[in-house]
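By letter and in written order, the chains are A, B and C; residue numbering begins at 1 in each of them.
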Amino acid sequence: MPDDATHDDAHDPAIDTTPEALPNALPDATPDGVVGAHRPISDAPPPPDPARAARAESRATAWFIVSAIASIALAIVYWRGGQAQAEGALLAVICFGIGFAAITWAKHAMPNDEVAEDRHSVASTEEEFDAFTTDLVEGAEHVGRRRLLMVSMASAVAAFGAALLFPLRSLGPRPGKNLKHTAYQGGGKRVVTADGQPVKAADLLADSVVTVWPEGHTNDGDSPTLLIRTRPDLNFKPRAGREDWTVDGIVAYSKLCTHVGCPVGLYQADSALLLCPCHQSTFDVLDGARPIFGPAARSLPQLPLAVNDAGEIIAVDDFDSPVGPGYWDRGR
Amino acid sequence: MSKTRRPLPVPPKSTPLMRRTARWLDRRLGAADFARAALNKVFPDHWSFMIGELALYCFVVLILTGTYLGFFFDASTATTVYHGSYEALQGVRMSSAYKSVLDISFEVRAGLVMRQVHHWAALLFLASMVVHLARVFFTGAFRRPREINWMIGVTMLILGMINGFLGYSLIDDQLSGTGLRIMYGVVLSVPLVGTWIASLLFGGEFPGEDLIGRFYVLHILIVPVVIGMLLAAHLFIVIRHKHTQFSGPGRKEDNVVGERMWPTYASKALGLFFLTAGVLCLLGGLFQINPIWLFGPFDPAQVSAASQPDWYMGWLDGALRIMPGYEIRAWGFEIPNPFFPGAGLGGITFLLLYAWPFIEAKATGDHREHHILDRPRQRPLRTALGVATLTFYLLLFSGAASDIIASTFHLSVNRVLVSLRVLVITVPIVTGFIAYRLCKELAARSGLSIAPTLRERRAASNEANEADADADVADASVGAGVS
Amino acid sequence: MTQHRPRLRSGHWTLTVAKIAVVFAAGWWFAGSSATSTRAAPVPVDGQRLYTTGCSSCHGVDGKGIVNDNGDVRGVDLTNAGAALVYFQVSTGRMPLGDSNGPPVRKPTVYDDDQIAAIVEYVAAFGDGPALPTVDIAGADLAQGGVLYRESCQACHSASGAGGALSYGRSAPALDKSEPLQVASAVRAGPGQMPVFGPESIDQASLNDLVKYVEYLRDPDDPGGAPIGRTGPVPEGFVALTLGIGALLAAVAWIGTRSPIRGIRTARATAGSANDESRASGDTHA
């Protein structure tokens, strides 16, 4: 038996994973003390079974040839204009050929004896460790005695670290007011479709929806807006205080989900629900776009609407609250 | 020559070129001794020890195909008009980035197959890392002295996820833009610093002009280089520790039994690389992945049904979907809903992963070195915890497919999500319990010793209290020399 | 007879156009017949009789719908349904309903073309609704249609036309079986949960473009191999986690299966043998 104390400071007999504890250990298992002691168990590597090796070698040769042929075929396919499926399949055959050949060769025609190698604890010996810590502590004491020097060095390094942060500031503007407003701010802007056309109230049929932006800002990421005209029999009722925010039954909500900001693109006309395809937040258009299912916890911001003299829909003001996903000081 | 002693095998004379090259190198590096040790490095033989290699080979394929794609990709958001050979996008305005990926897919010969192999390799890189992590977890290969390597591995997993996300975000198609938008919302939800981080990362409000260029630098340089360095450290530490092994005849804590590196194992490893590359090429050639030409260019006002992330981000997306609509608001401040399933769950997940070796050592009181692996059934509690955790994340992933599940099986998406809210809590408990009973049963049948329960271990450790106290003091100096 | 046309597999654009042209011819004819009914049929098809036997049990003989005693709507009011809606519902087999509990789903229609035309004409005459649209995709702009599709349709029907789930058990159907006139009718009429897109938001030229793109999505120029459901990255991930990782694990399992073990030997050399000597004192066994 190996001397536990020399290997393991706290060998726990409760977990015994040594072979002799295992009933499935082979009866002719190598006796302890032989393995790992630089003493050979058998002399030369056992030669692979010659007949088996010969068969494996011819299989491997065949695979190498298959691989080479596939390479030639790939060159032809590429030269003739290429075809993704053929290229992928041929690349696969090339790789499989080499792979199967190498493994077949290794498994059956290369030395496959098992050897045991000693393993020592990763930690250094006590002497090595002592020598190291002595040097370390000595050096540290030498440095540590120069208190002023130490403090000034630490300050310099800390200041340098802080200075390195300044260039990071160039990466983006200070987040602030721009998260709380859209281009609708100030009011009076016409709403336009993606191609810049203003929308007349009469253009919008019952049960229909159109995505609009503030005029001149059709590329803004934060201001896409849904204009929805619900069916008369669904009895849309504006929220208290928002009675005059609609035009002729047309209501406008921010298209950005209040969850993480996906466009709430699905309008289910029959039930007047808006559904976000990303995370299935569902908003009730008839009730101020209140979230009725899913992770969103806030109503979609509503845009107060009016019509100008030309009968085109305009926004009276910005959305009632910041659009899109929430953040920690959204309400401040 | 004495055949029985074999002090040093005589190099065969029939390979003068090999010998001459080696001689040339040795006279300059003096590495013969080290190189011989490397040739004779012992690899314990178990199929599960090669899973980490799969991740390595996927990474190699990623570098190779990624370099090729990099030659053609144009990381620019400048607007351009498409006039390539794909009919259905003729004359459509789009970013240069998206156009260059369309060109890779339609104009560059062999470009499409490279792109698809790259994407499949990314999916399988992450998959092999997760399976490798599971193998290491269930066999207890993370225990002392391998905690550092465990943490390096977890870091590579995180970086792999990040780089995968960066990679599919570069294309600037509708799907990737939707993913970025979600990421922006999740970053924004972090209390106090979220708005700043989002602004600095995206260069202002979403979508911003700078994003693609920045992500490109991260995707092709910073993250892969860090992964590469960690990979080198990971492998170096494996060599330093030597491999773990399962118990068996002649296998002990102080040896490692297996095949030598040269030539057998090297040949097998080479073969495995080619088999991995072959599987990736086969997938890349025969199975369409991310048909970006159908998704169209990104437009911040648009979204498609069935928008999901790649699978390794799927658990986060699923958590976002499953989370009920609550958030915390007070005095104008709030912790928005996505923080909890997004940054919160992600943070806790990786924190627990990093800390696991220390948590387990603390719980079991076992701070010793281990080189012989556990069979999963020998550790019923750990195995049960692992099974429950995997079940939990698998269910979260299925949450990301809530709409697909609903439309495939003609269910209500609302019912699917409500059911998942219950199932993500209950099913892991059930599977964990089943795993626990199964471990006990299997261990009993095969006659394997089961690790003592916590209580037994506490009792044992109280008896040996003094010895433990000594061990704690000498923790860093445990070695063969201690006596 | 069935309205199903086998999905175009051929990549030949000319053939596709030819087939589409045939479909349009039929479409034009419906449009004409609903308006003028000038065609001399060998056996006149009686729209009223078809309506009475097939539709009136739910929608009422007068088309005003039927509400059950408990307040449930048995059949909706068809007064202002319009030709487009009726054509869509009947030609896609959604009406008459097969399962009166679930939402209407596409199935082989029970009527032939003449009978559908007759029903459409009869019901459209009840009131005022969107007329059967005309559609001509021969000269339409495919790419522009794609732009419109992504603006207005993909949120529900998905970028690939595979359809998708809506809330509370409803779903947007896949578009792979939709004929051009059916698509155009649906755009104008907004059947079920689908919103209405009137001529002010999608004009006739845009409608042609859009329908051309939907028709294109049935058999798109689609390199890259077998499409995996075309429903986004989750099915791709599923393939990676089953087929992909399965194949890789099979490879390592094969490699990891040894030929018979022939005994254990010591290493020819151990790494860093010089160091080992100094450190290995504790490792020599008793």
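Before moving on, here are some points about what is shown:
Here, contacts are C-beta pairs under 8 Å (C-beta built on N, C-alpha and C of every residue); 3 or more make two chains touch, one makes a residue touch a chain.
These figures come from a predicted structure and were not determined experimentally.
Centrality by C-alpha centroid: the chain sitting nearest the overall protein C-alpha mean is A. Between the interfaces A-B and B-C, more contacting C-beta pairs are found at A-B. In this assembly, B is the chain whose CA centroid lies farthest from the centroid of chain C. Chain A and chain C have centres, each the mean of its CA atoms, that are 30 Å apart. The centroid of the Cα atoms in chain A and the matching centroid in chain B are 11 Å apart. Rounded to whole angstrom, the centroid-to-centroid distance between chain B and chain C, based on C-alpha atoms, equals 36 Å. Shown for chain C are the residues that touch two or more other chains, namely 151, 154-156, 164, 166-168, 172, 223-225, 251, 255, 258, 264, 267-268, 270-271, 279-280, 282-283. Residue positions of chain A with contacts to 2 or more other chains are 2, 6-7, 30, 32, 35-36, 40, 84-85, 88, 99, 103, 107, 112-118, 120, 125, 194, 211, 263, 265-266, 277, 280, 282, 293.
Within chain B, contacts with two or more other chains are made by residues 6, 40-42, 45, 112, 116, 249-250, 254, 257, 260, 268, 271-272, 275, 279, 283, 285-286, 302-307, 402-403, 413-414, 479-481, 483. Against chain C, the residues of chain B that register as touching in their complex are 6, 9, 33-34, 36-38, 40-42, 45-51, 53-54, 86-92, 105-106, 112, 116, 120, 123-124, 127-128, 131, 174-175, 239, 249-250, 254, 257, 260, 268, 271-272, 275-276, 279, 283, 285-291, 293-296, 299, 302-312, 314, 397, 400-404, 406-407, 410-415, 479-481, 483. By the touch criterion given at the top, residues 1-3, 6-7, 30, 32-33, 35-42, 45-46, 48, 52, 84-85, 88, 99, 103, 107-108, 112-118, 120, 125, 193-194, 200, 203-211, 263, 265-271, 273, 275, 277, 280, 282, 293 of chain A touch chain C in their complex.
Those residues of chain A lying in contact with chain B across their complex are 2, 5-12, 14-19, 21-26, 29-30, 32, 35-36, 40, 43-44, 78, 81-82, 84-103, 105-107, 110-127, 129, 168-169, 171-175, 178-179, 194, 211, 213, 220-222, 224, 255, 259-263, 265-266, 276-282, 291, 293-298, 324-332. Interface residues of chain C, counted against chain B in their complex, comprise 142-144, 146-147, 150-151, 154-160, 162-169, 171-172, 213, 216-217, 220-241, 243-245, 247-249, 251-253, 255-258, 264, 267-273, 279-283.
Interface of chain C with chain A (complex): residues 151, 154-156, 164, 166-168, 170, 172, 190, 192-198, 200-201, 223-225, 251, 254-255, 258-259, 261-268, 270-271, 276, 278-280, 282-286.
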